[in-house]
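A quick write-up on the structure given underneath.
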Amino acid sequence: MKALIVTTDGFEDSELTYPYYRLQEAGLDVALATPAGESVVGKIGEEMDADLAISDASEDEYDLLVVPGGHAPENLRLEAEEAVDLVREFDASDKPIASVCHGAQLLISADVLEGREATGYWSIRVDIENAGATFVDEECVVDDNLITARYPDDLPAWLSAVLERVEAQPAAAD
Amino acid sequence: MKALIVTTDGFEDSELTYPYYRLQEAGLDVALATPAGESVVGKIGEEMDADLAISDASEDEYDLLVVPGGHAPENLRLEAEEAVDLVREFDASDKPIASVCHGAQLLISADVLEGREATGYWSIRVDIENAGATFVDEECVVDDNLITARYPDDLPAWLSAVLERVEAQPAAAD
Amino acid sequence: MKALIVTTDGFEDSELTYPYYRLQEAGLDVALATPAGESVVGKIGEEMDADLAISDASEDEYDLLVVPGGHAPENLRLEAEEAVDLVREFDASDKPIASVCHGAQLLISADVLEGREATGYWSIRVDIENAGATFVDEECVVDDNLITARYPDDLPAWLSAVLERVEAQPAAAD
Amino acid sequence: MKALIVTTDGFEDSELTYPYYRLQEAGLDVALATPAGESVVGKIGEEMDADLAISDASEDEYDLLVVPGGHAPENLRLEAEEAVDLVREFDASDKPIASVCHGAQLLISADVLEGREATGYWSIRVDIENAGATFVDEECVVDDNLITARYPDDLPAWLSAVLERVEAQPAAAD
Amino acid sequence: MKALIVTTDGFEDSELTYPYYRLQEAGLDVALATPAGESVVGKIGEEMDADLAISDASEDEYDLLVVPGGHAPENLRLEAEEAVDLVREFDASDKPIASVCHGAQLLISADVLEGREATGYWSIRVDIENAGATFVDEECVVDDNLITARYPDDLPAWLSAVLERVEAQPAAAD
Amino acid sequence: MKALIVTTDGFEDSELTYPYYRLQEAGLDVALATPAGESVVGKIGEEMDADLAISDASEDEYDLLVVPGGHAPENLRLEAEEAVDLVREFDASDKPIASVCHGAQLLISADVLEGREATGYWSIRVDIENAGATFVDEECVVDDNLITARYPDDLPAWLSAVLERVEAQPAAAD
């Protein structure tokens, strides 16, 4: 099983480190993709090395896409449109997409929220609704392959739901 | 003539200081409103004292509403819903509303963009469009009382349009 | 099951946030204790609220003691000697003590390393050895109730071992 | 009409951004000159790209010289003596020189204050007086071509006086 | 023997810590005076506790006045005019006054440089000269009771000269 | 006479600057050695240029070894083992070794504390004792060639003892 995390400078620190280590603990291979494969720095200051550039990541090699929050998702909209394409492709393949906090902004850009239930940080609730979703104010909202959460305190419930979904499906490329 | 600027911590520094001093230079009284009337600190670090709390500001006392960008508009969505009400009231009275960059997020929250032309920072273009507006990628977009711009380099064109509109109308309360 | 995390300002950020959220995900109640029950700030900048003062924590109410690293363990040596007492009491009761990185400094202070196998950040290897332990350079070293790791990249192996141990024992106070 | 702003690292942020955008709004071409044409960072943190090196700027191509304050003027004394020469040349040609706050330090270095009225930040009042000027504690002091102000709150009065003077004179090179 | 150091926020760190510890090592009592007796923070970040408020310091109780540089001397001009009075009183009593770097700005304010030889940081050379002094570009300049230096690298020569002078005179109040 | 200071990023600022300037004032040549001869930055932010790489420093060319504290000594344990070798060589030659605060960690690594009296920052007292030393809680502890102190306030007593020892011995290489 392989997970792909897409982010860039300004990520909410624990929203990246938690799934990054947690998915490894669960036995998944975890790859961190950034716009040019460069190291990135979180909103608070955590530095993380990347494994690949976002444009080099193919949906068919991964079983899960993770989108941490912070300022990174808005930055990705401008710095790496391929991140938006990846969201669209994972959704088209019905593979799990896990976003937390502002990570939902990438789902908005990919136009995959129409008619879905989802959550995210409260300050972008109106943007999530304008994208066609029903905003649910719960710690983790699962709508088929979309697994969304609101903020760091939701990390336990979010990862628990993510792993439940991942373990229920066959591995991708291997 | 009186102008009201609404903002909070995280404002884009020059997007607040420029209209703050420029409107004074043009002879307007300028009041800075923050959630509780507290001093605020910009994204880069500029500190500004406030004149009043947002909840104490009445639309009928002002001729112009200014919404600087940065992280402040998203913060206002959670910290001071009265800022959203003010946008709605200024629009209902057909008084000028000038937003720059992420300031457009307050216009989204107030639901005043349906069928209008507007602009804002490129990373929230999809959110502006989902709110029903036609996004125009120009330095300053004027749609009746809505005067919107994209980022600090648009400040000269934006303020020029703002003052043109303000000077064409009768003063509010005086 | 209840876990107690003891730390103070200067903790290594992910070494606190990872067990904090991970143990919750596993269903444990997690309490964060700081010298006076105050909020603390990590080495990088993460802010965490505390649940209680270290002096108010009793070993008999918890099933697990967690000691994150960073500058916090050395600070605890001076700010909260009760943290050292807690390590001694958990060890006397053969309850699991999980330290990572500089967290081992609290085990040195408690004098529980004599004749044990343990690990920690490489820069304090000599101090761990001088305390009587055999330093093992592996991602996670389990010696009965002592579960030690070296640095953030060891978090997955460390938490996996911690949970294995915790789930194998009867709950403490409940 | 063309304006030249001379500064370097440590400029008082709004004392650079305000005239930079305001003069553009008034229709002037604005060029920002730094010691080697490098980008500069303000005292608070604003980053500004430069248009040219100070040593490449000729007085006869500009109609106005602007000297923002902060730590930059003292730095210029050591980093770019040509900035001092420019002040002397603008004064010899009776072209407007607009300084605010510590910007007056460059006027001291150029020895153009003898027998003039001027103002500046209060902490360098004695240095302005020792240079032969009469210090006037007003928001904007105009003595022929010297237009000086004290601190950011004087920006509206200062720019108003600057533009009045600039618009009253024929353009330089065009 | 007693030494008085006068400073405030923004002092050049080593220009305060070096004389502070060095004079103690030489056996002097050292008192640190700040505007209101508050703790102060250096330009780089060193925090120092004060012993008294500047307004509570009497020249007749001390044998030596030390004025570190950085931004502190300019701040003192506005925050604590009594610091300027102290310089004048120490000079009137022919007691040693030791300034380094921008510390000379306090000597300018006290108007004690007329006809004297002195040095200071190069960026204020013109201000020192305009105050009537002959600027000497050497690591330490001694003109009777005035002992001035340019920047941190001059600390050894400066303190050596300061102690030579102090040890040659009878103690003040004791 | 020549002194060698070994340190790296994270040094306690005044614990480096004080001996650095003080030994120069006493007439010694002072060389600052860092892992690769690079400039280093203190815990608070002081920047210092280096004279040589630690691996290029030979004990037989110096009369004194100085080890400032802060985070630097622990960093040196990993970044420059030659620093540990130098401590061992200076001790074997009975040349003075002066450490302050966490500088004692380098003495622990060099295994020179067995049966000696020493001091250091209180938070590493247990580590100093586990290394075989008798911890003495005084401002300066002299045990033959080992001259140790606890923290910045001990700098005067420490340097006084260091110079007394240095001046009592013949010069090294000259």
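Per-chain residue numbering starts at 1, and chain names A, B, C, D, E and F are given in the order in which the chains are listed.
Here, a contact is a pair of C-beta atoms (placed from the backbone, for glycine too) under 8 Å apart; a residue touches a chain by one contact, two chains touch by 3 or more.
For each chain, UniProt lists the protein as follows: A, B, C, D, E, F = Intracellular protease 1.
Since this is a predicted model, take the numbers as computed values, not measurements.
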| item | value |
| --- | --- |
| Chains touching both chain E and chain F, listed by label | none |
| Target chain C, source chain B, minimum contact steps | 2 |
| Distance-maximising chain from chain F - centres being C-alpha averages | B |
| Most distant chain from chain E by Cα centroid | A |
| Same or different residue numbers at the chain D/chain E copy interface, by half rule | same |
| Degree value of the rotation bringing chain A onto chain E, based on Cα positions, nearest 5 | 180 |
| C-F, B-D or D-E - pair sharing over half of the E-F contact pairs | B-D |
| Whole-Å separation of chain centres (CA-atom averages), chain B against chain E | 49 |
| Centroid spacing, where centroids are CA-atom means, of chain A and chain B in whole angstrom | 32 |
| Residues within chain E bordering two or more other chains | none |
| Direction chain F, origin chain C - full chain order round the ring | C, F, E, D, B, A |
| In the complex with chain D, residue positions of chain E that touch it | 74-75, 77-78, 108-109, 122-124, 126-127, 130-131 |
| In the complex with chain D, residue positions of chain B that touch it | 13-14, 17-18, 21-22, 24-25, 42, 44-46, 152, 155-157, 159-160 |
